[in-house]
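Some structures to go through are shown next.
Below are two complexes that have chain A in common, paired first with chain B and then with chain C.
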Partner chain A sequence: MEAPPVTMMPVTGGTINMMEYLLQGSVLDHSLESLIHRLRGLCDNMEPETFLDHEMVFLLKGQQASPFVLRARRSMDKPGAPWHLRYLGQPEMGDKNRHALVRNCVDIATSENLTDFLMEMGFRMDHEFVAKGHLFRKGIMKIMVYKIFRILVPGNTESTEALSLSYLVELSVVAAAGQDMVSDDMRNFAEQLKPLVHLEKIDPKRLM
Partner chain B sequence: MGVTCVSQMPVAEGKSVQQTVELLTRKLEMLGAEKQGTFCVDCETYHTAASTLGSQGQAGKLMYVMHNSEYPLSCFALFENGPCLIADTNFDVLMVKLKGFFQSAKASKIETRGTRYQYCDFLVKVGTVTMGPSARGISVEVEYGPCVIASDCWSLLLEFLQSFLGSHTPGAPAVFGNRHDAVYGPADTMVQYMELFNKIRKQQQVPVAGIR
Partner chain C sequence: MRQTEGRVPVFSHEVVPDHLRTKPDPEVEEQEKQLTTDAARIGADAAQKQIQSLNKMCSNLLEKISKEERESESGGLRPNKQTFNPADTNALVAAVAFGKGLSNWRPSGSSGPSQPGQPGAGTILAGASGLQQVQMTGAPSQQQPMLSGVQMAQAGQPGKMPSGIKTNIKSASMHPYQR
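The block that comes next holds the complex of A and B.
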């Protein structure tokens, strides 16, 4: 295997910066079954995996214009699983030819007292939601097809309502910085899902 | 992890830190303890940067980020009298990202390094506490592996501690406090180390020229 390309971001503290490569799309509820069927055929052979997660987004406001965002996610159907803390950086404004959205990401598994700890650090919860759906894998690619539910009463995950009549589809890879061939592989896989779903690079800034 | 007691061993009269550590380890070896590698526990201090204080209207808090070689893939983050978070080592990467909000007090990195001894069900770690180049004290950690409830084995631990610490045997650690029947965990050990490091930081510099 040839040496990986020189990383674009410096190695800090002895660790290599990991980047998340992302493509997103959506399907209406009634098209879900055909998409799941095709994914089951294309992806790695494994027991169909579903998930029910509760995600809370925390902000730390400082003197800087933009607050620091951290996402805390816990599994509601797999007791004993660690909580997942995630930091996502700003999308990299690389060349337009890059097929996927690329941003720095740091994933940390933590103990259950994560929310108390974040509050102690000064973070405040901005919003929360429940995500329910299916998970597929193909090599290092992760495909999630899930529905977002709004939580009606803060803190109460029992009373939720669906945000829309569709499912969000995300194709993502977490890899070391500089591995641009990853986005080519992702684009090729996304081609195979057309016309059921169109996965594309969606810049979050353009939506706001 | 079993119930653990972390305490400080004062430096012997007229001796250096290193000599006192040697006295202790020799006593342990005579007891019949077996040397089993080394250990390291370190602690970095972070305080909330001035820029975030204004919006919260509260005094800056100190956050300690610690590592323990007994759990090489974990990172412990704690506040004094606050929650202790156990995370994986990517937490250190996150602290680098949070540089603007949490400043590390570089000079206050403190660590203890030494040898691990196994004596039947007891795991004893005697370490030299250092801040930068200077040795500031001695830490002694004793773990009784088979038991995880503090109230069930404190008297046994105390007896063992007395057998080699003699008059320097500590009292029951504060973490046992009101939770005698709760299951003991690694976070409790890290809280004990944090308290020990804070105590040593406040003490006057040990009047010897440090370890060579």
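The block that comes next holds the complex of A and C.
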């Protein structure tokens, strides 16, 4: 059910495969203000953007051992915004010199009946959380600083509890496959955020 | 005139005593004479001892200053240094990547979550598919393994439910036919 790595797929036309380049780190609550100030200085000049999103992760268990994962995200503070459906592939384990985590990424904007559609298709919700934080941009780089809230009663987004005393910081770029100089730009930007935050390539499989 | 950049117009006998004087001023000369007599009076050993104690005091002072500087710097940096916690980073990344620590608590058989599991299982069983209901009415003796299979999954995991019940249906459905 998992899409094979991009490099193995023959070029038969269709859409360009987009890859997400990702660096992650975290910052403690009391240092959030200084990080926000630094980001406001470094990033493109725009109104500080905050977001409050509810993300649900759906699994489709097929005959294979590994289920197919889709992420559905909706905005809780911007009414009328479309839902965002995302597929993220397995991280590409190629070049050790590559500074960012690279994985295949497909993003789709959908209407509000996404959860019903997914349930009809056979997906089941695995877990959900609420993400609340700030969004910055620098060119094609997107920096998100957000806090993850655990939902205590399934389906009720009012009863939430913070997962930890830190904010997660993510630096991501969605670009066409093969553009490795993107990861160099990301690493240079990450250097500027040290020693406040250490953005690095974290392999989720190591944390299982 | 050229050498002095135009400050000395004529190098005459008036200018020489002022410009080429090497003898120090009378007051300075007095002081220097006094110092040399004092130094001679003390004697060589006492002078050496004084030199050594002066050197020791200077080095002590230098050490104290450098230690103070180092301590204050690290003391000032240490509270600032903890701007992130690597354990938190890992926890947050795990939560976003595959939901570790979020609504799907998966402890193996602990008593706490199994309590919400009981009423949760009841509600999920009530809203289950037709197959399941047939299974329940047709095999009351199979209730025990069925409930235990359901208890293992938590209330927030509808995804796990069908697989648990399916295996129980498979194992229990042999009985109605064999009977």
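Simple rule for what comes next: the second predicted complex is superposed on the first by the 195 of 208 C-alpha atoms of A that agree within 3 Å, B and C clash if a C-alpha of one lies under 4 Å from a C-alpha of the other, contacts with A are read in each partner's own complex, and residues count from 1 in each chain.
In this text, a contact is a pair of C-beta atoms (placed from the backbone, for glycine too) under 8 Å apart; a residue touches a chain by one contact, two chains touch by 3 or more.
Nothing here was measured: the structure is a model prediction, and the numbers come from that model.
In the superposition on chain A, A:129 makes contact with chain C only, while chain B stays out of contact range. By the touch criterion stated above, A:163 is placed in contact with chain C alone, chain B being left untouched. In the superposed pair of complexes, A:148 makes contact with chain C only, with no contact to chain B. Which of chain B and chain C touches more residues of chain A: that partner is C. Looking at the shared chain after the overlay, A:65 reaches neither chain B nor chain C. When the shared chain is aligned, chain B comes close enough to touch A:87, but chain C does not. Judged by the touch definition given at the top, the superposed model places A:27 against chain C, while chain B stays out of reach.
In the overlay built on the shared chain, the residue A:202 is in contact with chain C alone; chain B does not reach it. Once chain A of one complex is fitted onto chain A of the other, the partner contacts of A:110 are limited to chain B, with no touch recorded for chain C.
Within chain A, the residues touching chain B in one complex and chain C in the other are 61. On chain C, the positions that touch chain A within their shared complex are 81-86, 88-104, 155-159, 162-163.
The touching residues of chain A, when paired with chain C in their complex, are 24-28, 31, 34-35, 57, 59, 61, 124-129, 148, 150-152, 154, 163-166, 168, 195-198, 202, 204, 207-208. Remark: chain A residues 12-13, 15, 60-64, 68, 85, 87, 89, 106-111, 113-114, 116-117, 120-122 touch chain B in the complex. Across the complex, chain A is touched by residues 48-49, 51-52, 54-56, 61, 63, 77, 79, 82-88, 90-94, 96-98, 100-102, 187 of chain B.
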